[in-house]
Structures are given as C-alpha cells and as structure tokens.
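Below is a structure I'd like to ask you about.
Chain nomenclature is as follows: A, B, C and D, assigned in order of appearance, with residue numbering initiated at 1 for each chain independently.
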C-alpha cells in the first residue's frame, strides 16, 4: 500500500503537468489512493481494516510543508489566481507567482528583522491577503504563527500573546496596535509590531512599529543586494519537514483559559489533501474567507487546502459586505458554523416577510414543494415526474433566484461544522438543492474527524470517519479518534495534553455520541460533561433542546438548564433583526433591546415557539421527559465580551448559569418576576451595569408519544 | 481620537489672511471689518452665535460673496475678492451647512465630480470613452476609492446620495471636498444634527485629514466640546464683528465671548 | 450706406412727416399691449399664488372664447352663454385643482409646468372636439360691445380709434383695478399675497391651499375669458389665438413673473415696441418680425436684469 | 428573476464603470440589436418601416438630444423644433452646394450648424434660469421659424417655399429622394441613431455627464468644486442641438422626403419635450420609451376604431390624439413623475432582487 504511494510519487512532477487540473503532488496521490479504496474502508467499527486504510503520507514525499506547496504552485500553476481581495472597489487579484513574490519579500524582511526558526509570532486581524501571506512568510522561516481572534479584548489577547511568548506580531490596523500597546508591559518577548493599514498611526512612536511595506522593502533590498539570499531562503524552506510545528491555534475552549493546539505541517496538509480529495476539490474552486483567521476551519479552508488544491481564496471588502461579495464571486466550497446558516435563514425569512402577499404565497408554496421533494431529488432518489416538474419550476421561480441572491448558486459542497445544526435549518438548505453536508471536526484533529459523503447525507448525523481517521466510542459514550491530523499537544501544557491525547494516539473529543445503527454514521448528542439527567433520572441534553429552539428566526440564542433539577427551564435571546421587523409590522413600539425583549407580545410569540418545541420533543421517547416547563427572555444579548459566548459563538452554559443565578433561582422557585443587574463590557472595553426586571412564564408540556420511526432516515 | 494631541509639526506660515473685510446685503451688515488669518497645517475654528456671519465669512473666502471692502490674501497674493472658480483652482474646498450634494448622483459620482478640476481629457476622447479618457477615469477612480476607503463608505459606494441618512451624506460631502485635494478645507458645521457617535467619527475623520494629508482646515462648529478638541486656534464672531481670536482655552474664558453667548438676548448657541 | 440710412434715418423721417401714422401705430401698439398685459396678468396671478408657470393660460383664452361663441351658436342667449362660460371656467379651475395640482403638490415646479402643457393639449383637443376647429366670429354685438371707429382729423391726416379697442383698454383697466383692490383690500386677496411668500403663512390666515388655488385659477379663467372676447372681437376666434398667448410670454420676462404692475408696463412696452418696429423697420426684413421681436427686446432686458423689470432681486444663499 | 448575477465580479475599474456592467443587460442589448439590424429588415413591411420605425428612431434621437440638455444639464428648452430645422436646412444647403459629398456625411455635418446656433441661443443661460430661460429659448424658436419662411435662400428659392429633397446615392444605392426604398433609409437611420446613442452614453457616463448632472443638481456647489458653469451649459446646448440638428436633417431627408417650415414649429418642440418627460428625465433609454409612447400611441389610436369598423374622421382622431396625449402627460406626471424609465428601473430592480421585495 505505502509502497504504491511511494511508487506514484516517483513519477510525480511529470504527472502534475499532465494531470493539469489537479492541484498538487500530494493531492494527486491521495486522490488516486482514495479511488482505490472507496467505499468500504474507513468505517470505525473495525479498527484493524481502518488501520490499514489510512493513507499515511510517506515522509519522503516532497511537498510536506505549506511553503513548499507555495513554491510548487508558483511553478506548476504560475498564472492561476491564488488570492483575490475586494479592495478599493474591485477585486484585486494575485496569481500564485505574485503571491510567492509577496510572501518571499515579506519573509526575508522578517528574517532581516530577526525572526528565527522556532520563534512564535502573532497574526491579528481580519481576512486580509497580507495576513495570510504573513503566516506563510513566517512558516517559510520555520517560525510558528499564532493567529489571535481580532475581536478579542485586550485581556484575552494579552494572555495568548504572553503564553505563546510571541516575539513579533503582524496586525491589521490601528485598533489592534492600540490593544497591544495597552498590554505591552505584560509582553516582554514582543519586540516588534508590523501593521497593514497605516491609517491613524502617523503620530505613533515608530521604534517597534513597521508597516507591511517597510518589511517587504527590506526584504526586496536584501534580495537585490545579496545574491545568495534567495538561495538561502529556499534552502530554509527545503530544510523544513512535515513533522515541523506549523501553527499554534488557541481554542477558545468552552471552559476555562484557552489552550494552544500545536499542529504540524503534516497534520494539516494530510487532512487538507484528504478533504480536498474527499470532495474532489481542485484549482477551480472559489472560496470566500470571512471567518476568524484564528479558527482552525478558516486556517484549513482558506489556507492549507487552498495551497494544496491550488484554488483561489477571496477576501471580502468589509464584514458588512460579505453577502454582496460572496454573490459577486459565487463560492463553490464552503465550511461554516451553523450560526452562519442560521443568520442567513433569518435574513431570508425576514426579507420574505416584507414581501407582497402574492410573492409570499408563491414562496411558501414552492418552499413546501422543496421540503417535500428537494432532498429526494438532491439525493438522486426517484420521484414522480410531476414533482420533478414542480421542483424545476420552483427552481426557476424561487430557489434559483434565492440562492443567487446569497451567492450560493455555484456551491458544490457546503459543510456545517463546529457545532450541531438544527435539523430543520439543515433540511431547509438541502431542500433548496444546496449540497450541504455535516462534518464533525475539532481543532485537535486539524478539523476533519467525520464527514458525510454526497450520497449519504443525513440531518441528524455527522457522517462516517473521514479518510485516514479511526473513530471509537468509549464505554462511557465519548467519541475517540485517531488520525494523521491529530495534534502533537497543547503548547506548554503537558498535563492538559495527557488528559486528551492518549499515548497510542487516540484523542478524547469530549463529545458524547454513538454510531447510528441505521446510517452507520456518527451522531453527536452533546458535550460529555453537559449531557446530564434530571433529578428523576430522565436524560437531558441541553444543546439538543437549544438547537431546536434556535431554528426559529426569532430566537438567536437559547440556554437550557435542568441537570440535577426537577424540570427543564430555558433562557432565550431574541434575534433583534427578526423580532425587530416583526415589531415593525405589528407596530409594537420599543425603545431598546431590553424593552423589546420584555414586551408581552414578544413573550407570547416565544411561548408559542417553545410550545412547538415541546411537541416535537414529546415525539422522541428519549427526550420526551425533558420538555421545557418554564422560560424567560433575557434582557441583553449574550456576548463574547462578557464571556457568555466563546469567540466562535458557542454558549458557555456554566458561566451563564452563575452569571444569571438570580434568574435561575427564580425559574425554579416558581416566582413570576425576577430582578437582575448584570455588568456588561462595551466595544471599547470599558464596563457598565444594566439592571432589569424580568418576567418568567410557565408553559405546558405534552405526554410522550410513540417515536416516529422514519424520522431518523 | 487616538495618539497625542500635541502637534509635532510646527504650524507653518500664513496660508490665507482676511483683512478688514466688510460685507452687506442691501441694508443688512453681515460682516464688519473682520480680519484674521489661517496658518498652514492648522485647524482653525470660526465660532459665534447664530447669525454672527460665520457662513458669510466662508462664502467670502471661497468667492461666493464679493466683500464690499477689505481684501483677501491667499497664498501670498492679495485680491479684492475671490472668484469661486479661482478659489477652487487655488485649492479651497468646501462643505456646506445644509448639504449641497448632487442628490441625483451616486456616492461614487459625487466624489468623482470633486475631481472635475483634475480631469482634463478632451471632449472628443469623452465621446468614445476609451483610450486616454478611460485611462484618466480609471486613475481618478483609484484616487476616489482611496477617499472612500478613508471615510469608510465602501458599502454605500453605488447608492444615490439622496437615499442616504443625513450623517452619511455629510461624510460623502466631505469626501467630495477631499477629492479636490485641497490646501484649505472649509467645513461649515460638519457635525450639525449628528448623534454623539457620528460626531466622534466625524471628528476622527477631520483630525485624520489634517494629519494624514496635512490639509489646513477652517471649520464652523456650534458644539464647543468639538471645537475645543479639534481646533488649534479659534476666532469668534458676533454681529458680524470679530470679538476674540485665541487658542481654545483662551477663548473659553474671554469675557466678550461669554457675554456674546450668554448675555445677549439674541445669543443662542445650538 | 443706403442700408444704414434705411435703418437709422428713414423711419424717423417718416414719423416726422406723417405724425398721424405714428400716433395710429402707437395707439394700435397700446391696445395690443393692453391685451398682452391682460394675458400676462393671468400668468402672474397663478404664478404668484401657486408657483405654477401656467403654460395653458393661452389656450384658456381660446377655450373661453370658443365656449362662449359655441354656446351662442347652439342658440344660448348671449349673456346666458357668458354666464355659462364663467361657470365652465369655474369648473375648469376646480377640475385643475382636483385632478392636476392636488396630486402633484410639492412636486418640482418643472413637473407642474409640464402638467400645464398636458392641460394645454387636453384643452386644444377638447375645444376642437366640442366646437370644431374652424374659426368663429365673436358675438361682439350681442354683448353690446361697441363697433365702428372714432376718427380724428389733423396731424396731416386722420387717426382712427376703433371703439372696440377703446372698450378693450377700458375693460383691461377696470380688470386691473378690480384685481388690485381684490389683492390689497380683501381678506382672500391678502391670503393670496401671503401664499406668494409662504404656504404656511397662507394657512395661518385660515384659507386652505386648495381653496386658494381654485380661486386664482378661476380668476385667471375670467381674465382669459375677457381677453378672449376682446381679441375675438378684434380679429376672430380660433386656435391661432394660442400663439398670441405665446407672444405675451416676453411680457412676463420683462415684467417679472410675480409682478402685476410689471405685467402691465411690460405689456405696453412690448405692444408698442412691436408695432413700431413692425411698421417702420419690418419692411426692411420682409415683415412678420413681430413674431419674435418682442422676445429680442425681452432677452436684451434679461441680460441686464435677470429678475425682470419689477421682480425682486434674488440673493442666492447656500 | 432572470438576473443571475453570481460570479459577475469586476477585477478592473474599466469593467466596473462600463455602461452595461451586468451580463444579462449586455445580452438583452445584443438581442435587440440583432432584431433591429437583421430580423426587422427581413420581416418588416413598408408600413412598419416607413410609418413606425423610421420616425420612431428619428424622434428618439431628437429626444436624446433634448434629454441631454434638460434631463442631464437641467436646462429647459422649448426650441428643439427650430434647432432640428436648422439641421434640416443646413443639410439642404450643403448637399445642394456640394452634391458630390456623401449625403450621410452632410446629415452629420449639418448637426454642427445647429450646434453653433444652439450655443448662441444658450448664451443667456448664464444669467437666467428656469422658466425665464425656457421663455428665452422660445425666442430661438420663433426667430428661426421666421428665418425658415422669410429667407428664400434657405430653401433654394423653391416656389413652394418647402425643402425638396434631391436624390442622393450611397455606393449606387439611393438613400434619399423619391426612389430610395424605405429599407435602405431605415438602415441608414438605424445606424446613425445607434452610433449617436452609443456616443451619448459615453458622454453621460464620463466626466462630461458628471459635470452636467452636478450643474443640474446644485449649480452653486458645482461652481465651488471648480466647474465653469457657462462652459458646462453651453456645451450642453451645443451637444443637444447637434443631436436635434441631425434628427431634423434625417426627419426631412430620410423620412418626409420634403417639408415646409412649419414641420419645425413650436408644436414639434413641445412634442419632443413630452417625449423627454414621459420617457424620463436624465435617462437615455427613457428617450426611446417616450418617443415610442408619444409617437406610436396615436398610430394605434387611429388603428383601433378602424379595427372595430367604426368610421372616424381623421380630424376627429387628430383631436382625440390631442386630448389623450394631454391626459397621458398629466396622468404620468401624477403617477410617475420620473417617467417610463423609472418604471423600467423599478421593474428591473424587482427582477434583480426577486424573490425578495428589496
């Protein structure tokens, strides 16, 4: 097996040119490997076979670091676009050759400024080509990039930068520079800050500050003056090995301080290639980069996979214009957390709600058609010709334009990852004919643990083990996995590593799940520690309930409480966009978010939603016992700045429960009103407090009904 | 407003001086024997109660009104009166108290219009809109885009200004003025009718313009806080006469000024 | 040389040698001027009160005259016909206010201007449909308008004053007087003046804009009717009268769109100037120059006083 | 809903500033051109060409001309008819004086004469505005009309006092004069109109267009950003009259084949103005809409009674046309002051955001 890969590698360089479309060496290999091995291999039930199945990359394979991939692309697909950035009103484009030049200049500049192999350097800012280049430039020198969430408040930033002992930071603009300046005293190692946008930084002392251009100029001058420089730089890249540390990603863990996940080039590149091969991604993909750089998903999708497959990454003009920009580009491949799809759905519903009666009827009708037949047609099942006709019509009148509005017309593969998605949301997109699939991944695994094949997509499950991944369910129901993508450990935290990573390479995901007997796919219930039981012992999976709630456009966030208590209660966050426009239509007047949230009519509306959720819960024998008995609507939006959400917008239930303990008590002591004062953090970091008197409502539950069997399918 | 307020650049020589300017409409005396100067690189505030003649002053400076007596020395050359065209060509740009945007045009076109003086390609190239004409358009579009980026209005680039909220329109108007790459920028109540946040933004833009482009700025503003924050020197008008001319702090405690603002029945500071 | 003589010397020689003709011409011009003024008055009334440049004023003249004559043709006694016509004009005023002005309130002046164009076409078409397109004779006698002429011997010849012309001048003067009183003395009149300044002001006087519009358009209608009768009596009633209205536009430029005295003075200047030039210089150019000469006068004026003779000077604010 | 704009991203300003940035629009345009240049000649009969399309195109051009002045530069003119006349008479003089030069060239050149005249009468626009200016342009109308009738030299002293269009050939094919087929004349007119529309589009999308529009929207501000008002206005007059002139020349030489002065009387001016208004101020496509409605509608009206077999005197239908055109104008101003073009825009926008309302 391994021999065969090696064999293929031997005759690669020529291949690449002949194979043309396929991006790079490693990808070619794996593509072939997969073709030999699909489909019966990577099931997790039989570790022996899956063990053999792993197409582990042989160390002698040439392109085992991202900088090497860059050099290769610059040679093999010189003129193809590598990056586009909507800047100054048009899509500025850089080919792979130009990208190489940019990266090289900056990289050598960094070297001149004293960045060495093994150093850590921070990347802070939005999705800008230059920041991606900076990552590669550093890696080319053997230094380790540490991306930080751009919206992190100075506090968090200080922790990460200090913990990673970064010696240099590449940041986007004044905002970030100021944040760093604010905590500079705690960062002894940080010697230099390089910024992309000079705006507003004119009056700053420039001792430790450089512009991106400065550094590139330094690099170019060096290149011009010193003949060997270029050679040395490329040798430096050649020296790099797949086993080298390539990046440290700080996971905003749902509990406690964030940990620095160390990934090697090999980890990421193998996973990337597997993923590319898995969905047959090639140079022609268009991907839009708008998720946080510090999120492993973006690192893989907008960086490693792009370099591996040779496809083009597009950076939007501003965060507000993402939808418009996506529409202009027409992305073909997407990986996003459920939230993105939720907000999109909300947007659709809200905008449709304002449409004329006739249009709405049309929309609703064809939506029902889609719900009925869409998925079947997408999955290639046989449906009556009339249905096909109707769906075709609907596609022309509604689905097509709809997808077009949001730039989804060309999507070949779309993944939802990072968190479980509400099945209804998932089905909605599938029904429109979008090939949306589930993916279960973790930073520790370079994302990919399990993913769904095109022809076995299911709303409730997250798919079978990805190529090269073995999965087990521990006796206490936790998901364990092992793969070439598995991280080498948490930075400066051996204990933490030991807890998660077993000596024989298995990772404790911390998620509870099981393999669905019908589909043979993995099904995730919740975080292991969150799955609880009520006093009477009935199973209680909060996230499961929360997701059901969050399907309603009007509900932005939901927190379900009940572990070790008599019954389940919910705290709900309304969605300002949706409820706001609802209020407009029903001329409900309100002065503030708080006022709107507390409005009796709003409560009425939310109560109905929860009632429906209870009905659906009643239909599942496992969950039937855990129906919501009481709820309240929170007076403020849950916010990462207050530590209520993680930077990836996951709710931190534990933290929220003690933060709002007065409310929680009130929920359980049957009182109908509760007073609370909460401290909030404003965008500029300073703190304030808001007080509110919050109403609590009871809501009736339903007797458990016999489970509908076809629901799983 | 980040960074130190203290100016590292020393305030340059006089860019424009107004000498004994008087202006009257029919019987009404709008300005009486007003003199003051504006130095290169400074932010100069002109304040005063309503109807003190502030706007008339600006109108005289950029040649929209011809003063009855007195003279204006711009860039060292004295003249009895400016002419709008000459003013524009000489590098005086202007925004207006109540917006004077081209409502029928998009944000982009409005700012592009600001490049009118800089675009020279002949009529016959315009007919085919290719070759040099197009090349010129593209060059200037590029510059305009920098301004759009600077003012953070990329998202509304292609929208008709008439449809924009007031605050944004103000910003676009500033953009149009900047497109002229002026040496002297006259701002007539740039923050009138803005909420706090918008005011902060606008202040930042004004400061940045002054810093990044080194543009000299003369602004009329009612919000004292803003004036104190932004300006290097302040001239105070009342009933069309200069009653004070000093640094912000100096003005704050000048008794004439205080009387003008509080004492007189007509004095209302919006 | 010869040409210069023809232009600068000969005409004045003629005036000197034949003063009777001169007086005759002046008189004709004066009368024409009076009627121009009357038309202009119609424009001014409406423009003052509603800011609308009523292009249809001309056709209203024709329409009024046609209605009068047409009704009479259909056997309606003259004065009853006159009454009916007045009613028609009132109806027209109301109709215009309801169907045109009210829906177009706070549209740009330009749009309203265009609307009056539409009105013009509509009236032309309607008038022809109902009363036919062919010329008619004004029922001067039935309205007891004087006919014939008074002749003065002397000045080395004789000058004749058509009685109808005298009547025209007389009626015009009365008309003006009435309007003047109406504007200065009556409550409504003052309201109208207020409107001219600001609509709020008008409302404060307690008269709705709608009412005011109806009133001014009706007034303009009456003025049009009078004009129609006079012109009709002097020549005949047909659609060429519309051109006369266009002829009156220079008067507006001269007098200013908002000034009643301006309209009168302007009217006279144009009228007289036109006739003189036509009579003494016209032949040089092959005649017919009265179609445009008035405009030349007006334009010449404009270049020096853009706001017209009596229009108030506009200070542009920004 | 037909607008599927995904993937239409611009990597250059040239592309972004194109007259038709959206692919679907370009396709639509192409289709229309194919129809106009290929299908119509193949299928069109004499009536369609001669009584509908040729005049429609010519009026469209004249409307574009006036729209440049009134819609873009905001200067109201009531003299269009006269300026068209100047073109026609200039063309007559030129082609009779220099018969050998190709008539098409003369048609275009005659535009320059009316441009010159137009500029002359545009001069007052420096001092006077709005209605005053409108009235001033009437001076041009009446004066020129007078010239057309009173200066025999203009119409070569022909006894009828009318323009008599001589026979002229292009590559052996007669394109003016009695023997010219309607098809050839159609093609000539079409070509000229298409080219001149393209030029107009270039103008209004470029520096000049912005200059005019800024003068229109707020002349004081325009002056203060360094636009020379007089130049801008005169240029508008010149270009506008050029278009009118060419239209006028075509009107006589390629449609009527002979005309008297009163073709260019004030009513002609008004008619064109209506086309501008109904079509929509400040839009080129609107000019076509306006011309179509105002010109073709009456034809339809005359056809209707005939279709029902009702005998209706031409005079009556004439008067009916007046009534209806008049009402149309008012109705349109009430319903959509921005004209047909605005309706078109709205419809297009709806299609673009379909199925959403905005």
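One rule holds in what follows: a residue touches a chain if its C-beta (ideal position, glycine included) is under 8 Å from a C-beta of that chain, and two chains touch if they have at least 3 such contacts.
Bear in mind that the values here come from a model prediction, so they are computed numbers and not experimental data.
Taken together, chain A and chain D share the touching chains B.
The interface with the greater count of contacting C-beta pairs, when C-D is set against A-B, is C-D. With every chain reduced to the mean of its CA atoms, the largest distance from chain D is reached by A. Between chain C and chain D the centroid-to-centroid distance comes to 33 Å (mean Cα coordinates, whole Å). Centroids built from CA atoms put chain B at 47 Å from chain A.
Separation between the centroids of chain A and chain C, computed from CA atoms only, is 79 Å.
Multi-chain contact residues of chain A, defined as those touching 2 or more other chains: 89.
Residue positions of chain B with contacts to 2 or more other chains are 64, 96, 100, 141-142.
Looking at chain D, one finds that residues 12-13, 16, 220-221 touch two or more other chains. Across the complex, chain D meets chain B through its residues 12-14, 16-17, 199, 202-203, 205-208, 210-211, 213-214, 216-218, 220-228, 235, 282. Put simply, chain A touches chain D in their complex at residues 84, 89-93, 327-330, 351-352, 354-356, 359, 362-363, 396-398, 400-405, 407-410.
Of all the residues in chain D, the ones that touch chain A in their complex are 1, 3-13, 15-16, 353-358.
The touching residues of chain B, counted against chain A in their complex, run 2-4, 8, 108, 141-142, 145-146, 148-150, 154-155, 157, 204, 208, 211-212.
Against chain D, the residues of chain B that register as touching in their complex are 62, 64, 84-85, 87-89, 93-94, 96, 100-105, 109, 112-114, 116-117, 119, 121, 123, 126-129, 133-134, 136-138, 141-142, 176, 180.
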